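Read through the structures below before going on.
In the two complexes below, chain A is the common chain; its partner is chain B in one and chain C in the other.
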Partner chain A sequence: MVNVTDHELVPDHELLDDPEAVEEVLAEYNVSKTDLPRIKRTDPALPDEAEPGDVVKIVRESRTTDQAIVYRLVIS
Partner chain B sequence: MTETDAYDHVTDDIAALIEDTELSRRLKERVYETIEEKADEHGGITTEQAADIITGVENRYLETRIEPLDPVGTVSAQSIGEPGTQMTMNTFHYAGVAEIDVTQGLPRLIELVDARKTPDTPMMTVHLEGEYATDREKAHEVVWSIESTRILALGDVSTNVADMLVRIDLNDETLLERWPTHSDPTEVAGIISETIEDALGVDTRQAGTVIEFGPNQPSYRELLQLVEQLRDVVFKGIEEVERVVIRKEQLEDGEEFVLYTEGSAFGDVLSIEGVDDTRTTCNNIHEIYRNLGVEAAREAIIDETMNTLEEQGLDDVNIRHLMLVADIMTNNGEIESIGRHGISGSKDSVLARAAFEVTVNHLLDAAVHGEYDELDGVIENVIAGKPVSIGTGDVDLRMGSRASGSGPADD
Partner chain C sequence: MSMQTPKQLGGISFGLMDPETYRDMSATKVITADTYDDDGYPIDMGLMDPRLGVIDPGLECRTCGSHSGSCNGHFGHIELAAPVIHVGFTKLIRRLLRSTCRECGRLALEEHEREEFSDRYERARELGDDQTDVLKAAVRQARKASTCPFCGEPQADIKHEKPTTYYEVQDVLSGEYSERIAEAMQPDPDDEDDTGTTPSELADETGIALDRINDIMAGEFRPRDEDRRAIERALDVDLTEEDMNKLMPSDVRDWFEDIPDGDLEVLGIDAENSRPEWMILTVLPVPPVTTRPSITLDNGQRSEDDLTHKLVDIIRINQRFMENREAGAPQLIIEDLWELLQYHVTTFIDNEISGTPPARHRSGRPLKTLSQRLKGKEGRFRGSLSGKRVNFSARTVISPDPTLSLNEVGVPDRVATEMTQTLNVTERNVEEARQYVHNGPEAHPGANYVRRPDGRRLKVTEKNCEELAEKVEEGWEVNRHLIDGDIVIFNRQPSLHRMSIMAHEVVVMPYKTFRLNTTVCPPYNADFDGDEMNMHALQNEEARAEARVLMRVQEQILSPRFGENIIGAIQDHISGTYLLTHTNPEFTETQALDLLRATRVDELPEPDGIDDDGTEYWTGRSLFSELLPDDLELEFTSSTGDDVVIENGQLVEGTIDEDAVGAFGGDVVDTITKVYSETRARVFINEVAALAMRAIMHFGFSIGIDDESIPPEAEEQVDEAIDNAYDHIEELIETYEAGELESLPGRTVDETLEMKIMQTLGKARDSAGEIADQHFGDDNPAVVMARSGARGSMLNLTQMAGCVGQQAVRGERINRGYEDRTLSHYQPNDLSAEAHGFVENSYRAGLTPREFFFHAMGGREGLVDTAVRTSKSGYLQRRLINALSELEAQYDGSVRDTSGTVVQFEFGEDGTSPIKVSSSEDNDIEVDRIADRVLTAEFEDDAEKEEFLGRKQRPTNISEHAGPGLNKAQGLGVDSDD
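Showing the complex of A and B:
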């Protein structure tokens, strides 16, 4: 079985399982959960334990800076 | 301030100046390095000289930041659209990498932002791992498990109308070349005749490397049909991949073989033995999306659009514009096209949608459903002749009769 997370096009996806961490992110950007970009529950790069409503933290190797951190809301 | 210890010429004063700027961590590091380097070159640096460098960098940084209410989308659209007018309109096919035709220029760019289900010329770049990448024989093994092998590549097909038989004379050398794990051509011929039986539903007779079969009911038409069907049967490899080109490429440390394919089946290829599943890519963003997810698709859209522009000598388009396009296209968790069926068609405002394409349909539907327009977007306000909510148009000034609190405002 191919492990997609090893592919160089796939950045690190990390599940924010601590509700406080999610709140912190939302407060930092002054947005609500539904304003975040989305990611499908069926997305192959998503950690297995992610459920709809969770927030994943994605650390991209950025083209304009070293690393760019973005967040996506898991949807069904 | 432990990091300043690493630099001989950076004094605490200089370090304090750098840390006081609004620069990002990475830029601060580069300022440290530059000051250190220059000081080495010229044998020292004064705090004033360092301060000049630091303010220079900070000013440039602040200048390039986007201001609030800047219409970034419109700027991106113009920045991609203008070079787009200089692109070749009709080089639909042009010899790209390794003699494989790839759609380029404007048609390719349109294909990408339209998010077509399949590109005009699908292709894959297959990287190999371990000894498959360095040994030509091994690399060919992978080629044969990717490239689709049909009957005409394996031998001669003849029809015997008198006996109602199709006869295939297989070529021993080709068989052994394409099935490198077998040493007996007859064995391979056995595999082939089994494939024919399964695919065409006929009984075959095999003698050595000669295979004969005929239609179940003797009929001239059926015989011809069998031959037609036989040509389409794939005996080895992936049906979608018509051709594979193998190329030796220079790396920093040595050489490796890289395969370029005409046609793509990304998911299938990733699981083939010998294929490096961390570097192999394809030019179909939907296949990337299905196999690697939205984030990978976003990366692929940026790479593909940038490459398309670069190949036309338009590489001075800032990558941020393309990143914005890719962000918007993948915002929903799946790939959406820019245009009537995608982003522009899913806007909330009726007037914004009607202004884009098929005006009457949108207005009619809106009337039927009793839609309501908040008039808070740009296009709606242009239509209504009111200030738009970007730039200075979104700033309201209010003058009060009372003096506001003591002292000046923050900014």
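Showing the complex of A and C:
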């Protein structure tokens, strides 16, 4: 089977395992978890171990900056 | 105006209303369907009861004592003879009926399921998801239960017949149960082993007494539910049939009353504010008279509002219902009346329910009831709240005036005398104010109204103006006419981007049109073929200040769409600068001064040289350079194709054309706006326009039919090129017909042929264009316009002089018309170029009738396309605006919606505004140049000073009319200055 995460158009989805790292992100933007953009747990780009309630960090190429970082909350 | 303390809304809560509350807030019970008596007085406890508010001037409201205008009206109520269902809640009612027990009213969910749905509900609320999805899921789950988990009562399915009828579908004992049992007990004739069932066997198996079995089989005793099931099991038969039991609104109400508050919470219903039984109306609120005013017609007859008509119907039926019930009418009649009452209440709330015939007026027009007042484009929300008609606005035709600054708008004097600004009279302007009032309402800088400190508003008339002027004191307000320098908002529809509404400064002018500088046409997308525009006069200081600082045209020079200027030279301005700079012509002193006379340059620079006659001359480029900032450094490629070099504010070489000063990204304008200031850019654009107009008038610029003619030998070349193409096509067709044409990958042979023919014809037109191009001089006006980017393209020129080329419909050659041919002039299946819409003539030479017809076909498609595109894109735009309207860039750089959800972590991912950054795909941010500029500035005294003083404010908000000697009011006495 093709692993879509290897496709060049699929940006890197990294799971933030460390609760502290999540806290840091939330503190940086002064938001609660639920204010983050969402991503479905069934999204094929997600790492397998992602569970609802986790936060993923997505690093994608951007037209305006070289790299743009986006955080998303995994939902069921 | 009385000063009111601003109030803040803490919150709004929505819910259902308790019938008791309806009664409490009701000013009166309404019992008679009549409105006015014979003398024209409202009937007591009728629909126009004076306690519901007053609409006739002079009458007094019996509830609050105020007169019409100040009384908002008061609700009344009708006691409904029987409960009816509120149409707005039919879906929720259905859901509740399906998910709760018919006996005990409890939600048919187990404890763990309740918890699950409570959690899901909580999660949906946290995430901002749709909570009705959870409700739907809970209902679906609860509906599965065949018996109530609490009382064990079997649950019937609920059938909903739109709009307001509910049935309970139950399995009941069939009328022919005895026959079915007997049949099942007979031995099967096809099966020899089957001996049938004897009644005693059946009695043993079911555990029912034998004589009872016999009674049942004789049809003398109807088996109870459990007995029925036992027999069914034993004999493997179905003894039931479906029965539809209609649920009357009163049944539903009783049912809902049993639902406990806790169970509603699981479904996301706040029982405190919204008990479900309140969805069934027992009391109907009667809207105040002010919401349904009656109109007196010319003949003195009163015409009632649609809502009043509907209320009359409701009261009549309600009355009849009560009378019939008291008289003990048969159940059938009562039910009919009940249904009728339900119909009237339904259509009173919503008259566009599918499946229900709309209630109609006597004339046959459907009534406009409550829901219709709110819905749609002309409804309360979109028509009266989001958009409404306003005062202090004017609309008229626009026309150009190149003498105005781009910040200005020419306002007709008759508009200026009608629209006013409020002048608060103080110690310092009392003389001025008196002068305005003294001038009266008709002379131009006059006044229309004054307001005394006691709040009394007086109209200034020709008669009383002199007298009134004496009385004006400090503390008065004078509504004076618009004068030069006032700031107004100017708008052209469709307002597709923010530059469609900009602030301008008023210049009062004679005649009837709004005048604007031609350089502001691009942002408004305006032309002068009859376009009209709107003007709004601002009415308070905050608005005026904001408009001046944020909305003035010069602040909108850069477009946030692509980060470059949207205001700049257009059309003739570009031809003008092209003529002035392309060949760098020489001018004598007189000519040079004439070119610059409309700018602020009043002294010529050092002459560029001395010609053979010994007179000094100035070149076009150095005249243009006079408009540039002294230290401007810039290099770019012009649209003409040469390199433009600007050093130290001097145009050294290159042509100034669209890419330099044009709207939509003219480099010089763009750089001046970003590096210097908006004010400098405004001055520059104004002056470029003025200089260009002088230049184009100096050279003279016109275009005629002879400008597109090419010499006969060139025409021959064009014909030859086209003939070659024809020959090539002939060959192609021959190979195709011989079946030898090889198809391109992914194409059929037919498609390949079409493509190749199109290609050949395209090439033929291009070569015709090239030939024509070679024979045009550089001074040909059409060439000048096309090269400079002023108007038109080389393609247009090709079509005028060389060959119009292939006409297309839907991107293909023209294939429609008759069977197998486009016109009856051709053989069927003729594949040649001319039979499918190739126009070999030029516009100048003229088209043959057949060519003209094909051309019209292609032209029609273009027109249809634009018409379809505008309507489609309009709706798309509306949807986009609604979807994005609540997004906002926050101070931390993130973009969020109103609920605080992050949409972008950094605005545009780079956190920059396009209009503040000078970069594009082929042009990175010019770090070096910015660093250079910062460094050079650092070591200059001025810069250091500025740094110590803090950031210097750019003086953007100074009116072009500020300064001494410009007070028009005082100047009225002066007749004329010519």
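Following the convention adopted for this analysis, the second predicted complex is superposed on the first by the 76 of 76 C-alpha atoms of A that agree within 3 Å, B and C clash if a C-alpha of one lies under 4 Å from a C-alpha of the other, contacts with A are read in each partner's own complex, and residues count from 1 in each chain.
Criterion: a contact is a pair of C-beta atoms (placed from the backbone, for glycine too) under 8 Å apart; a residue touches a chain by one contact, two chains touch by 3 or more.
Note that the structure is predicted; figures quoted are calculated from it, not measured.
In the superposition on chain A, A:P44 makes contact with chain B only, not with chain C. Once the two complexes are laid over each other on the shared chain, residue contacts for A:I75 go to chain B and to chain C alike.
Between chain B and chain C, it is B that contacts the larger number of residues in chain A. In the superposition on chain A, A:E8 makes contact with chain B only, while chain C stays out of contact range.
By the document's definition of touching, both partners, chain B and chain C, reach A:T65. By the touch criterion defined above, A:Y29 lies against chain C but remains apart from chain B after alignment on the C-alpha atoms of chain A. Where the contact sets of chain A with chain B and with chain C meet, they give residues 37-38, 63-65, 75. On chain B, the positions that touch chain A within their shared complex are 24, 26, 270-271, 277-279, 281, 288, 290-296, 299-300, 302, 319-320, 323, 327, 330-334. The part of chain A that touches chain C in the complex is made up of residues 29-31, 34-38, 62-65, 68-71, 75. Touching chain B in their complex are the following residues of chain A: 1-4, 6-11, 13, 37-40, 43-46, 58, 60, 63-66, 72, 75.
If you check the complex, the residues on chain C that touch chain A are 126-128, 892, 894, 896, 899-903, 905-906, 908-910, 912.
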